[in-house]
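One chain, chain A, appears in both complexes that follow, with chain B as partner in the first and chain C in the second.
And now, the complex of A and B:
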């Protein structure tokens, strides 16, 4: 998927869920791109979001702040949100900042989609 | 025995001033050396120092030709002074060139000097003689004076470089010749030295352009005592150690006054072996001897008219007695509007008063000046009988002598509270060093080595403020002199948190308490009251009281100190603290050059990643675990972003410094520009741990995050912008 600035944010739809792939460094610029893509997916009828951090080495505080915005938006839309493949150090950071209280974590994209499937079945 | 040329004493008998002498002798050898101003405290003595420097340079027989010239009395005309300068210069030049020191004590006509000139100098000497005849009778005095003063520059290259040393310690600022001399030297690049009263010479120094400064204070106490011993030996005056030490204190270690007094003892054949004989001679000298001459000349120079002088004595005496500053108008009423400036300038130059433009303070001059004023006041204003005045002065000085010595002994035993305050410099020290109660509970009775080791491991630290000014309590409250020994108390103006602002400004008031046992509540309370009263009187807003008692404080006293937010330390705690302050300062200097990396990175362009990868590499060298390395990287990224986002730095650069120490990595990230507002927010990590905070916070996470990731985080004081220091400790 291409955003209006011309930079690519990789994403794909799996049923009613969308998987959005974060870049290697989640900062203001890349974070806003992800936020925009998440909103776009929700606007187009997605009921669940997976943000995959497979290639993400560092998330800075502005990136975290944007992730908090995405959590807000997802909550307001009634959509589920899962973070997948987050590296150990970033999980620690999310823990410290309390993000893990508001979002589910999965070890990879596959597990994230399974979690969402179980949740919607329940 | 070394040859003497101008020196009045053998080099071996010249006591003290070794560093100053070396600096003067080396000065003309320095490439491009121009002026050296020697700023002399009144009665600190400089003439013999210059003469000794002259002799050293003379005996070197090198390229530098020393010339010593004592400025003649201001009563002499400029022309007469200029001729004397010319004559002195030529004689001393010839003495040096011929290596005949004895010539400097003779006098010659110009033609005789010409006949003594070595062949290499004959031609320019001949020109000088011809020039002298031409200029002397040209009817232009100013041009003639300038011509005489230019003589050092007429020495041909290759014949040596004259180094002119002007001894101008007597008040000369009114003399035409002095002004012309300053003017002449300011225009020329050759090396010279002018020694004068510090307050007077500083005023003139602005006309001299770029000059070096050498400050000459009174001698250190030990050197002053050695000087007194040496003088007594030379003059064959019996001098006991007790009297010697009293003299050193009474004359505030002034070489000039010690010299004059011991010489007077020789003349009067008075053995200086008891306080009584010493103080009898002292009073005799005050009312009619060398001390009298010195102070009388200062007064006569300031107020030549006897009537004015008499009123001046009354004013100075009353002023000292009251201890209050008076407006300049008070002096105008004595000296007249026309003369008041000249009068005050002279008294100020001699440091007998402090004149700040609109007000005059009467401190200065020391005990001899005070005694001299008292004597003259009673004799000339009150017309008391001389016998009564003499008897009273002797009795008073005898009664004062033990107090003077007691004060000196207390000073000697002072722990150095002012020095300790000056060394604070934002260092982190164990809090327990300021809390005698806790220290006593935990450490009392343990061997000092064990205590020191335990304190080193203490993780509860107090960040000391940056101290910008330290003075004695008595400097803020003249009445405090009744309570505080000057050296045993300190008022330190300081700033905390590395920032200069009203909120971070604090004044530390510290005092050493005399108490054989643990200081009791009543004593402790009274010291706090005194310090609080100094603070109130001086208008200090935020204060920190710190008391130091040799054996610490009783439980009640310590409870009281804790209740009022004051600190209390024992002498042992104080010693541990000062040792730590010294060690930290030395360690900082020693480690600064080693294992330190610096990089400057432009803001923007995700450049924080470059810094993060660099710090990752550095942290690996210290064998940090991967998790810690990641925390460091995150912290660095956050600090970089903070600096980029908030500083408004026009240069758009961020300065990184990484210092490796054995057990930690210290990272400093600095930028110029404005100080971001979150720095003013309360510190701590609690904001991050609270429930729901993450959703509540959006921006401003960075600093909190850094505090979570690193072990120590603090803002260093910088003049412009911010400098964030982050420390991560190695843990196995």
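And now, the complex of A and C:
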């Protein structure tokens, strides 16, 4: 999917879920691209979002702020949200900042999709 | 309680990024929005807003927000009491409960914020001020952890709010400076217009005295402008030479009307009287602080000749300022192409022949070339700007006859031998 800024945001649909791939450095520019893609997926009717952090080394403050926005948007539309393949350092940061209270974590994309499938079945 | 190291590193990263954002960003809206993202992202605050104090509206106006909906008030009107109360606790992160004890009107202000936005439970309120002027407020909701803000985090928030306040204040100052600069530019333009209109009025007054050459000064001004532009002068200088053209005969105000309006060629005594006018013009114009240089000198020397046979000082060649050479040619061109009491205007072919005969003696060749080029462009249709032709009138010039004459004269005057004779500097 090409973002209006001309840069490519990788994403794919799996049933009613969408997987959006974060970049190596989650800052204002890349964060806002990901936010736009998540909103687009939700507007298209997807009911669950996976943001895959494979390759994401650093998330800065603006990145955190944007992830909070995505959490808000997902909550408002009743969509489930999972972060997958987050590196250890970033998990610690998410934990200390409280993001892990509002979003599930999975070790990889496959596990994230299984989690979502289980919770839909339940 | 000490903050975990990782959190500290994250927070300091936000402070560093904030400094960069405030100095680099040209747009205040973007700067405030990004600053709020940095602040909220540093501590994972879910809902927040920054309101800027706008003195002309006596209101706090919403300029940035995160996580709140459109029901949050866009403006909050405040009075001097509220402003004073906020200033008294500026740069301090306070809970709403503590803030409302400071002044009853602050409780009303907080109520306006609370009731409007569902789910925005305000945790901290931070007024921003710079040099005792209220800049705005930062309003913060709960963190993602839902835990209270410890002292260390409040200090960090206060520090960031201080920086954001300075950033907004500086942008405001720059805006004010730009506004003043624009006002000054307009004032300057108005003054220039007044000056130009006054000069034109003078030119009209000069020409009224000489009933046979009404409009002469204005025409000389226009011809001078056209020649200067053709010589590649800058706009400022072109304006200056036009003014010199308008005012070149101002000295005639001291000459007897009968002499100026004589319907026949005047005798030597009257001629001597008339020849006073350039020096008189210099005396009249010198005390005035013109926005352009050398105007009095151009009036003084517009009757000088390259060969030294001019007046009042008998200057030669390079002693004569280029501007004076331009006005001189423009003056002569108008004299040859308008009717006078004792003679009709000459045909253009004769005028061109006169230029040929007198280049290097009376007129500077490069100035003649410039006038010829400008005329050639109009006659040949190379330019749609037909200022010279409009002045000269319809049917005065037959293009087929004049184009070759002008072309030939230009080539002649630009030849190396001709240049050696009398090119101006």
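One rule holds in what follows: the second predicted complex is superposed on the first by the 122 of 122 C-alpha atoms of A that agree within 3 Å, B and C clash if a C-alpha of one lies under 4 Å from a C-alpha of the other, contacts with A are read in each partner's own complex, and residues count from 1 in each chain.
Following the convention adopted for this analysis, contacts are C-beta pairs under 8 Å (C-beta built on N, C-alpha and C of every residue); 3 or more make two chains touch, one makes a residue touch a chain.
What you are looking at is a predicted structure, and each value in this text was computed from that prediction instead of being measured.
After superposition onto chain A, partners chain B and chain C are found to clash with each other.
Once the two complexes are overlaid on the shared chain, A:88 sits against chain B while remaining clear of chain C. Look at A:65: by the touch rule set out above, it reaches both chain B and chain C. Contacts of A:25 after superposition on the shared chain: chain B is touched, whereas chain C is not.
In the superposed model, A:13 lies in contact with neither chain B nor chain C. Judged by the touch definition given at the top, the superposed model places A:96 against both chain B and chain C.
Here chain B runs into chain C after the superposition, and of 1-9, 415-423, 703-711 or 721-729 the stretch doing so is 703-711. Residues 60-62, 64-65, 68-69, 72, 89, 92-93, 96-99, 101-102 of chain A contact both chain B in one complex and chain C in the other. Only residues 4, 6-7, 10, 13-14, 17, 34, 36-46, 66-67, 143-147 of chain C touch chain A when the two sit together in their complex.
Partner chain A is touched in their complex by these residues of chain B: 606, 608-609, 612, 627, 630-631, 633-634, 637-638, 641, 688, 691-695, 697-699, 701-702, 705, 708.
Against chain C, the residues of chain A that register as touching in their complex are 28, 60-66, 68-69, 72, 89, 92-93, 96-99, 101-102.
In the complex of the two chains, the chain A residues touching chain B come out as 25, 27, 58, 60-62, 64-65, 68-69, 71-72, 88-89, 92-93, 96-99, 101-102.
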